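What follows is chain A paired twice: with chain B in the first complex and chain C in the second.
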Partner chain A sequence: MAAATPIVFRPGATSVRATDDENFTWLDPLSDNTSGVAHEYSSPELFIPIDEEHASARPNSVLLGTVADRRLRVRKAIPLDVSAEEGNVIVSWGATDEFACGASMGDAIEEFSKTIGELFFDLNDQSIPLGRDLARVRDILNEHIEQVIIR
Partner chain B sequence: MKAHEFETIVKKLHMETRDSKHRIAYFVHNGVRIVKTMRSHGNSKFIPEHLIRKQLHLDQAQFVGLYSCSINEPEYIEILKSKGVIAADAIKAAEGR
Partner chain C sequence: MSNAPIPSVVAMLICQRVIVEQGTGMKSLIGVFENLNSFAFPAPVSVAVYAKLLDAEGNYDFLIRLVNLRDETKIADVEAKSFALTSATSSELVLNIAGLVLPEPGKYEFQLYANDAYLHRATMNAILIQGGPPWPQPRQ
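Right after this comes the complex of A and B.
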């Protein structure tokens, strides 16, 4: 055994094999006496406690504060539910039944942002009358989004 | 749902469509926009069936009926009337025009 050789243990390692010894002496990192201490080798086990409720980095809901249209400004944050289906992320605004999908949450939010911008102008087009449900959606949209004057 | 199933519904209900960043479809009755739905462009894009169904104000059986064969446009109008999506006063106003 080469006593002068420093041994660096990986985190979680309980033993290490002395590589310069053909007979494989197992050294115990916790022991002061590292010469010839036999130790049954076992793979390092690392336990990371996972809170099931927060197992995913993706939140269940987000507040949208911008719309992908420079003519529009969000005056009241839009609450979006976030879910996943068939490998796609879906963001939806329950109050208006509007939604968007994407490969990631960022993609889905970007899509939603575009969708909601288009819808704002569609529903605020005075030349086309709206039924009561779309009028309700328009009113909710106008509560959350306003048009800005670009000079 | 598949893009072609979405398109089947759009054609069946004679919805007005507009292609921009998305494919937007409006169900128009007596000149009034009643219902709006949309999908992303591209045949392989994911379309969440339950959210489209909600936008169309249909339950599961009615929705399946719509993209199979059992529900047609007049029946869809009746469903919307029964749910108050097409308002009775709006119907009278349209008939009076």
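Right after this comes the complex of A and C.
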């Protein structure tokens, strides 16, 4: 029988090498070994165009394809409006009047996807009677999100 | 919009390099990191992005977007078009990027899209470090 113990590591750190000297030797500042080559890099595979103008990466709308709950998956992408107000980014889903905000679009989407996941389970709880508006929201949610069958 | 189902991302990691072994197709993620230290900016970097996808079935256009989170400006877009995937197995997206220049210290985010739908993100911190050994170090 095999046994294993999970180990949790702290996040790693990497460093940038100088590019003007093809033959330089990079010694790891944290290493006691001061005579060996610490790092070698193989040739790159893909060079990508850099956006020199640094256009905004925050669109006015985004299709959400994820829900922050492993028991759920997005069946049909959720259309979100993206706006900024007082230094916060707000994402909103007009059809359900749900919204969330964050410091960036990614933060706002993460918050929204948590909210929408909780709402899905709350509204699909058969023991809770729903009014007409909430039943409508539930139907919209069920059109876009489905529960994953965990095997 | 494509009719292909939206895949679920179960892992997305940033590292120095992803090596794909020929034959077995096994991936080795080399140097998984969160903080990227540099003595100067703009900083030329080589990074790799790995993502594991489930429930992908059909044709997908993928987009990986690197965003500077200080002002949410776009640094670069990398597109991978018309990938035919099957849900019989999970799918792994591997991207090795070289020649990337980070303009300033701060927090950066890789955003993953499939068929225009936002799927996941992974962030990293670019840190300006002071002092340290001469750069590059003289050869001995």
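In this text, the second predicted complex is superposed on the first by the 95 of 151 C-alpha atoms of A that agree within 3 Å, B and C clash if a C-alpha of one lies under 4 Å from a C-alpha of the other, contacts with A are read in each partner's own complex, and residues count from 1 in each chain.
One rule holds for everything that comes next: contacts are C-beta pairs under 8 Å (C-beta built on N, C-alpha and C of every residue); 3 or more make two chains touch, one makes a residue touch a chain.
Just so it is clear, the model here is predicted, and its values are computed rather than measured.
Touched residues of chain A, counted separately for chain B and chain C, are more numerous for C.
Once chain A of one complex is fitted onto chain A of the other, the partner contacts of A:D97 are limited to chain B, with no touch recorded for chain C.
Within chain A, not a single residue is touched by chain B in the first complex and by chain C in the second. Of all residues in chain A, only 85-86, 88, 90, 92, 97, 99, 101, 111, 114-115, 118-119, 122, 128-134, 137 touch chain B in the complex they form. Those residues of chain B that touch chain A in the complex are listed here as 20-22, 24, 29, 31-36, 38, 40, 45-48, 51, 54-55, 57, 84-87, 90.
Listed in rising order, the residues of chain A touching chain C in the complex are 11-19, 21, 23-27, 29, 34-35, 41-42, 44-51, 54-58, 62-66, 73-77, 89, 103-106, 109-110, 148.
Across the complex, chain A is touched by residues 1, 5-9, 16-17, 31-39, 43-46, 55, 65, 67-69, 71-78, 95-101, 103, 109, 111, 113-114, 116-121, 123, 132-133, 135-137, 139-140 of chain C.
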